[in-house]
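In what follows, structures are represented as structure tokens.
Here come two complexes built around subunit A, the first alongside subunit B, the second alongside subunit C.
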Partner chain A sequence: MSPMLYLAQRGTAVILAVAVAVHLGTILYAVRGGLTAGEILGRTQGNGAFLAFYGIFVVAAAIHAPIGLRSILREWTPWRGRSLDGAMLAVSALLAVLGLRAALAVYLA
Partner chain B sequence: MSAGTRASPLPRRVAARPHAGFAAALLHRLSGIALALFLPMHFIALGTALQGADRLESFLGLTHNGFVRTAEWGLVSALALHMVLGLRVLALEWFATAERTALIVSTCVATALAVGLLFLLGGA
Partner chain C sequence: MNAPFPAPSPTESTVDAAPGAMLTVRIRRDGGFQAFTVARRPAQTVLDVVTEIQREQDPTLAYRFACRVGMCGSCAMMVNGRPRWTCRTRVAAVAEGDGLTLEPLRNLPVVKDLAVDMEPFFAKWTAAHGAFEPGAVPADDFAVVAPESPERRAVDAGIECINCGVCYAACDVVAWNPDYLGPAALNRAWTLVNDVRDRGQDARLAAVSGDAGCQSCHTHMSCTEHCPKALAPTFAIAGLKRATARAALKRFGAQAFRGPSGRRPS
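The block that comes next holds the complex of A and B.
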């Protein structure tokens, strides 16, 4: 792994450690007695802090996950080179677009 | 006692470390793959809110069965496991901590299972 990818992977890992801890805490609190769309949207609609938090969460995950997948694929398969890097860039873009769309959806709904 | 009858020169605790470290690396990778596969579906599900709360509610209704709930429990546990094993990696790399690998990895797995159990007990 190149130094740049290493720094990106570990830097986003620190952000994600905080974000995941908050997210897990929120999940465990929110699911008590079941979860409805109304309850989810009641917390998220028009909540700028929520949007900022999950925006950062999504961007960090979109950087972190493809770098990790790339390392695994390089270790466990013969896949190398530009095609692998291109595929991981596509995964990153997919996660970023879908994730930011999801955060915006529950913010605007 | 002759040299030929001696047990392994490594103490048992030291000899077990590579197995715990391997298990940690494998669990970290497998939980990461599971999360990477799940994330797009999770985002698509939340994105249905763009079509209104009713659409999101109807989607959530599809998840009210044993299979999906088991999968949700697994993913919440995988998320917790990936996080704590990732913290272990950061601690090893950045703080050069000497760890008792088997104990730390066992604690990571127990933490993830506890989070999964809390999720189930919460009525998810």
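The block that comes next holds the complex of A and C.
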């Protein structure tokens, strides 16, 4: 892992620590408050703060997860080199696209 | 201040066995284990046991030692699954019942029986730029290094390493990633990073970065737990992570500001 990947992973870990806590808190609030799907979508629709928060969350996860996955694969399998780095870039892109698509869908719903 | 020899933990008994008691020693040889029986003696060390077996029972048993007093670091081996200096390990402190299991140091190729080839260990020490780099031109004067300066204190914390290989054998990351430089080489690099006279810092920081370098450390702290000199390579590696990160950010900033050619954008 290069120093820049190391910094990227540690930096996004800080963001994720906050984002996951807020995300879980939101889930608890929604479930315990007995909100319906319609009521939840009513709060998220057109909400810029919601979109910004989940946009940052998704981008941080898309950077953080593939770096860790790359380390695990290097230690537990013989997979090395450019093919591994390329695959991890693909995982990152997949996480970013799926996550941002979901956040945007709830924002626009 | 680092204590040179940590005292046995409270769970380790140092009471010698009764006179006439015998010890069963299992030694890994030729892909299996061979058992020997040795008399228990007062203040007996594990190295005493191995020496007695070689001199009295099987002269073909291979092992390595030199000073016998914890100065050279050449007698390290796995004792009941843990890497230890055998000269500084009393049988009474580590025997499980009346048994002892001895194996060559982990993570290193075996030459024969309990003797390992230390070449990969020292090759990584060299790869981590573990030698002092004085620069192309000799310094004009002696460097003044205050004993209380943070750099000197950081050097003091790791300088007593004698390269016994115990931390290297204890490290799980070395077991998973054979390219990983290991705690001893990185600890040595950290002492030189803090040497204000050294002129090879950029190359050293580059050498200890990457998939074989300090960023691969999982901070399990096995090296710090097992070091017979009570050093803390984990903290040296943490220092290298900070130093390499700062250097990378500086490089990144310089490139973003001046462009990849090093020239300021017009």
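Please note the rule applied: the second predicted complex is superposed on the first by the 105 of 109 C-alpha atoms of A that agree within 3 Å, B and C clash if a C-alpha of one lies under 4 Å from a C-alpha of the other, contacts with A are read in each partner's own complex, and residues count from 1 in each chain.
Here, a residue touches a chain if its C-beta (ideal position, glycine included) is under 8 Å from a C-beta of that chain, and two chains touch if they have at least 3 such contacts.
A quick note: this is a predicted structure, and the numbers were derived from the prediction, not measured.
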Which of subunit B and subunit C A:56 touches, first, second, both or neither: neither
Subunit C versus subunit B, contacts on subunit A by residue: B
Touching partner for A:87 - first (subunit B), second (subunit C), both, neither: neither
Partner chain(s) touched by A:15 [first = subunit B, second = subunit C, both, neither]: neither
First (subunit B), second (subunit C), both or neither touched by A:74: second
Contacts of A:4 with subunit B and subunit C, given as first, second, both or neither: second
Complex contacts: residues of subunit A adjacent to subunit C: 1-7, 71, 74-76
Subunit A-touching residues of subunit B, taken from the complex the two chains share: 29, 32-33, 35-36, 39-40, 42-50, 52-54, 56-57, 60, 76, 79-80, 82-83, 86-87, 89-90, 93-94, 115, 118-119, 122-124
Interface residues, subunit A side, partner subunit B - complex: 10, 13-14, 16-17, 20-21, 23-24, 27-28, 31-38, 40-41, 58, 61, 65, 68-69, 72, 91, 94-95, 98-99, 101-106, 108-109
Interfacial residue positions of subunit C with respect to subunit A in the complex: 173, 176-177, 209-211, 215-216, 241, 244-245, 247-249, 252
